[in-house]
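Below you'll find the structures, each written out as structure tokens.
In what comes next, chain A is part of two complexes: it sits with chain B in the first one and with chain C in the second one.
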Partner chain A sequence: MKKRGKGIACMVYPIGFTSYPNPSAAFVQVNQDGSAVVLTGATDVGQGSTTALAQIAAEELGIAYDAVTMVTSDTQRTPFDLGSVASRVTYITGNAVKRAAGDAKKTLLQVAAEMLDVMSPDELEAGDGKIYVKNSPDRNVSVAAVAREATLVKGRPPIGEGSYNPTTTFLDPETGHGKPYEAYVFATQIAEVEVDTETGQVDVLKIAAAHDCGKAINPLLVEGQIEGGVAMGLGYGLMEEMVLENGVVKNPQFTDYILPTALDMPLIETAIVEVPVSTGPFGAKGVGEPSLIPTAPAIVNAIYDAIGIRIYDLPATPSKILAALKEKERANILKEEE
Partner chain B sequence: MTHVIGQRIPRHDAILQVTGKAEYGIDLARRGMLHAKVLRSALPHAKLLKLDTTRARNLPGVAAVITAADVPNNRFGFTHLDQPLLAEDKVRYRGDAIAAIAADSLKTAEEALRLIDVEYEPLPGIFDPVQAMEPDAPKIHGESNIASHIKIRYGDIELGWSRSDEIVEDTLTTQMIEHASIEPHAALAEVDGRGMVTVHSSVQRPFLIATDLSKILKIPLNRIRVVVTAVGGGFGGKNEITMEPYICLLALKTGKPVKLVYTREEEFQATTVRHPYIVKYKSGVKKDGTLVARQARIVSDAGAYVSWGESTLSKACIHGAGPYRIPNVKIDGYLVYTNNSIGGAMRGFGVPQLGFAHEVHTDHIAEKLGIDPLEFRLKNALVDGSSLPTGQVLESVPLKETMRQAVQLIGWKKEVAWDEKAR
Partner chain C sequence: MPSFEYSTPTTVDQAIALLNQSGASALAGGTDLLIHLRAGIVAPKQLVDLSALDLNYVRKDDGIIRIGAMTTFAEILDSDVVRRDLPCLAESAAEIGAVQTRNMATLGGNLCSAVPSADSAPPLLVYDARVKIAGSDGERLVPLEQFFVGPKKNALKPGELLIEIQASVPLPRTGARFLKLGRRKAMSLAVVNVAARLTLGQDHRRVENVRIALGAVAPTPRRAKRAESVLQGSDVSESLIDRAARAAADEIAPISDLRATATFRRESSRVLVKRALTHAWQMATGETKPND
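After this line comes the complex of A and B, so read on.
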């Protein structure tokens, strides 16, 4: 018989390293044609961080995304970055890039103030490839013209530097008290499963994943992260397990270490919950690791809802589920006999 | 003004990826490069009595063989400096590296591996972290197998139990898994005429790789360059040095570029894994569903070396109460050496283990009280201004909003009342 059920799981997860300083730095140069180069040590490991960081630089400089070139992850060409770990790149490297772009923009605004004949750079803003007077955007000059003027006339190339390190403290060794992180994200996932009571097979039909990320710099990439995390969580919940015997891995290939494939994936519905935080670049936090955390328990709780079997040891394989169903049946028969 | 923030822009390298033009670590090649292989321990726990590489070195096509004696500083680690790059007097798990070889072909390197003579004296192995905590268990490093004990104390746990109407206890366990990146670890090292060592590698933290290489090779940072290739999956598994020291030493020794790619079997046997956890939860609740106390005891199987085990356990403990307001909390985490694979960094860093445990436990409590699991969570959820068991006050907590939006997407078993004020 096939039985359906729904299960929920929630989580809290931090952004950045626990307690230890974990800075990122960035350099920015605005070229004479209004394009820009950003140097950062952050590594795109497939999550799309280079794209998101380019968006942050473009927004801050008021230029188009395509006008930004990223130079990344080369220890002799780019400034220090702690690394693409701990869901930290958008928040920490993002802040560093925003600061570096803001630093370069300072020169642009100072030069533009003279070109536009305003009293102070504070009266100006950058956007759509132009620097304009806040209250009368028709008074403007292109970023390219300002960058050229700054570099070749004023002799002040518009370059910028920036770094960011979250404010944290170490934990008291006896009580564990302290402020190990600057920002946290929250999430809920609900899984709907169908369990075959004859085979113990669990078919995950649908997963709803709602993740707080502060502000989505790029919703497409946030959704990609969530979908990838759900896939990883599904493997953790139902399939993956290294089997060791006296320290020897008995299943060291993908023939018998089972990863979820496209055919195992359920329909994933994502919701991006946006509550911007003042400490993040344009309010952003992160989503990288959190996306996998609620998946396995949501599935396991859905299995319970479907068949009344609670799995306490991962993964929830068909053989464990079948054994538990048989055990339950035996207990029911004994109860009836009494 | 148009905004770039919030736009659904495809990845900058999407075209390279889908046309197969992105260059991964595994794609690296140089004219005249050598291929490296690593000899791993044949036993999970043993003394190394003899190591003779003569026959391997004399095989035609073999350019160099390195052992522990060739590593200028043969020790690394993050919180614990407990791991040798190449084994010295002892091996502690089946992934321990004993020697590395560079040869003109992969076939020759593989053949040379079999010509290295190693004599072991087997030591009793310990594979169960709970047994490893016993005082008379075989020791893997020093006097005790307990590498760390992390504590979180919040409120008064005894008071919490006394105020509880119901106490629910569960033991939950999670398994060992691999990062299983589709691209295995892969790197190429080359040394130029000025002595500059350049490593191209598929890694997540190039600056950590460079710093650790500098310490291990005793070469200043301005003569080491780490360049990251396209990364075909990391998930924490490409967080630290793995093969880089071997290929740098072999490149320095031979003057030729050296490339190394781990096989899938090596990925499983000799790289870090997600720590298996045993989590004992005990929670006290009022009849109305208010959580008043939670205790957790976590045992983490570190494997043979600590690697990121302490940091991982610390993050797990900090989040051990789950996303709930609980006034009395006591958490103890133990990191225990065994002769199993080394637990390292992996996406979620200890919290997926705890997340599974506290969420299944939470459903169990709700069932005992006869309360809907969503309503039970809403009643106890962290809100703006709540504290974690570290005492840290949280500012922006849209947890209930994530519950509301998840329910909107998929529906729930019953109607629940959403509190509009508390996020």
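After this line comes the complex of A and C, so read on.
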């Protein structure tokens, strides 16, 4: 018989650890054609951070994001970055890039103030490839023209530097108490499963995943991160297992270390929840690791809902589920006999 | 990877002459062999590539379906003859590897690998398939049942080549079903695979002929003959199918390994045999169409 069940799991995840130094840095130059180059050590391992960081620089400079050239993860050319770890890149490196772009923008606004004949750079804003007077956007000059004026007439190339390090607040060595992180994200996932009570097979029919990421700099990438995390979480919950015998890994190859395939993936419905944090770039926090955390618990909760069996030992393989079902059956028979 | 000679004979005779040389190994789709080569499990001196032998075909004549040993699983899935007459084989082909594997892996290669979990073996066992083997002394026809002699061991003698798989077109009122449990939905070695075929008499009840075969639960893919005898000649019923399924679970010899426990294999074998027989029954009485 096939039985269906639903399970929910919630999580909180910290972004931007402060218990020891956690810096990233960036350089920005605005070119005479209105394009920009960003140098950062942040490494895009497929999650799309290079795209998101380009968008942050573009937003700050008021230019199109495809006018931004990213130079990344080259220790000879790019400044320090602590790494693509701890779901920190959009938050920490994003702040560094935003600061570096803001630093370059300072020069642009100072030069533009003279060109637009206003008293102070504070009266100006950048957007759509232009620098314009607040409240009268018709008075404007292109970023390209300002960059040319700044570089070739004033001799002040619009360059900027920026770094970000959430204030380090070492934890109390006695109690472990303190403020270990600067921001927190929250998420809930719901799994719907179908369990074959005769074979123990679990079919995940659907996962709904709602994730707070502060501000989705690139919603499609956030969605991709969530879907990728769900795939990892599904493998963790149902398949992936490193088998050890006397300290030796018995399945050191992908024939027997089972990862989910595309065919194993259910429909994933993502919901992006934006609760901005004042310390993040445009309010952004992060979404990478959090995306996989609620999946396995949601699945095992759904299994419980379907067949009344708690699996505490992942992965929830058919062998374990069937053995638990048989055990439950025996216990029920004993109870009836009493 | 160690170096080796490579040849592409264009006739079966040439291939057999080459395979008779010491250290020669036949190369079909290569989905097993190349992995074993890279892993250093085998080190043939000569690879005899069978792709130019014209052994890719599915033909039907005089009630016999003939499948060339080099026919890929993708081609088997595409074959109208297989889908209509040997639907259970088509079902198993759909479960092998993934699209990329099925484009390369061949039916002959899968059978010659003789692994206990070979997905094409149980369906062909229930269709009473024969394999045509060519050697320097001529050709011989061997029942598939006798072809599997141990884990990864087949009945080919050195220098012999499996060239064709044959099966008779099933009689009317026949139903068959292949079912597989794996650890995931593709690229999965069977934890248990099962095929069952039922041919009913004109009364649509009496079991004229029944075959049940299982994989990954014994040293070779094998028939469950005691389970078959439960049904043979009797009127099919749910309770009889239950009894046959229990008999099948009793007569297999599963082991515990990384993929599943022996207990799980025995219990799920029973369930799969029951389901496969039930489906075959419905198909034989016309309640269900193939590949439903």
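What we mean here is this: the second predicted complex is superposed on the first by the 335 of 338 C-alpha atoms of A that agree within 3 Å, B and C clash if a C-alpha of one lies under 4 Å from a C-alpha of the other, contacts with A are read in each partner's own complex, and residues count from 1 in each chain.
What we mean here is this: a residue touches a chain if its C-beta (ideal position, glycine included) is under 8 Å from a C-beta of that chain, and two chains touch if they have at least 3 such contacts.
What you are looking at is a predicted structure, and each value in this text was computed from that prediction instead of being measured.
Overlaying the two complexes via chain A leaves chain B and chain C side by side, clear of any clash. Set against each other, chain B and chain C touch different numbers of residues in chain A, with B touching more.
Once chain A of one complex is fitted onto chain A of the other, the partner contacts of A:200 are limited to chain C, with no touch recorded for chain B.
In the superposition on chain A, A:21 makes contact with neither chain B nor chain C. In the composite built from the two structures, the nearest CA pair linking chain B and chain C is 6 Å apart. Chain A uses residues 251, 259 to touch chain B in one structure and chain C in the other. Those residues of chain A lying in contact with chain C across their complex are 198-201, 239, 243, 250-251, 255-256, 258-264, 317-319, 322-323, 326. Those residues of chain B whose C-beta lies close enough to touch chain A in the complex are 1-13, 44-45, 93-94, 125, 127, 150-154, 170-178, 180, 203-210, 221-222, 224-228, 231-236, 238-239, 264-265, 267-269, 273, 311, 314-315, 317-319, 322-323, 331, 339-341, 345, 347-349, 351-352, 355-356, 358-360, 363-364, 373-374, 377, 381-382, 388-392, 394-399, 401-413, 423. Chain contact summary for the complex, chain A toward chain B: residues 6-14, 18, 41, 43-46, 48, 50-51, 54-56, 58-59, 62, 64-65, 70, 72-76, 80-86, 127-128, 171, 173-181, 184, 186-190, 192, 206-212, 214-221, 229, 232-233, 235-237, 240-242, 244, 246-249, 251-254, 257, 259, 269-271, 273, 275, 277, 282, 288-290, 292-294, 296-298, 300-301, 304-305, 310-315.
Residues of chain C that touch chain A in their complex: 98, 181, 183-189, 191, 258-261, 263-264, 267-268, 271-272.
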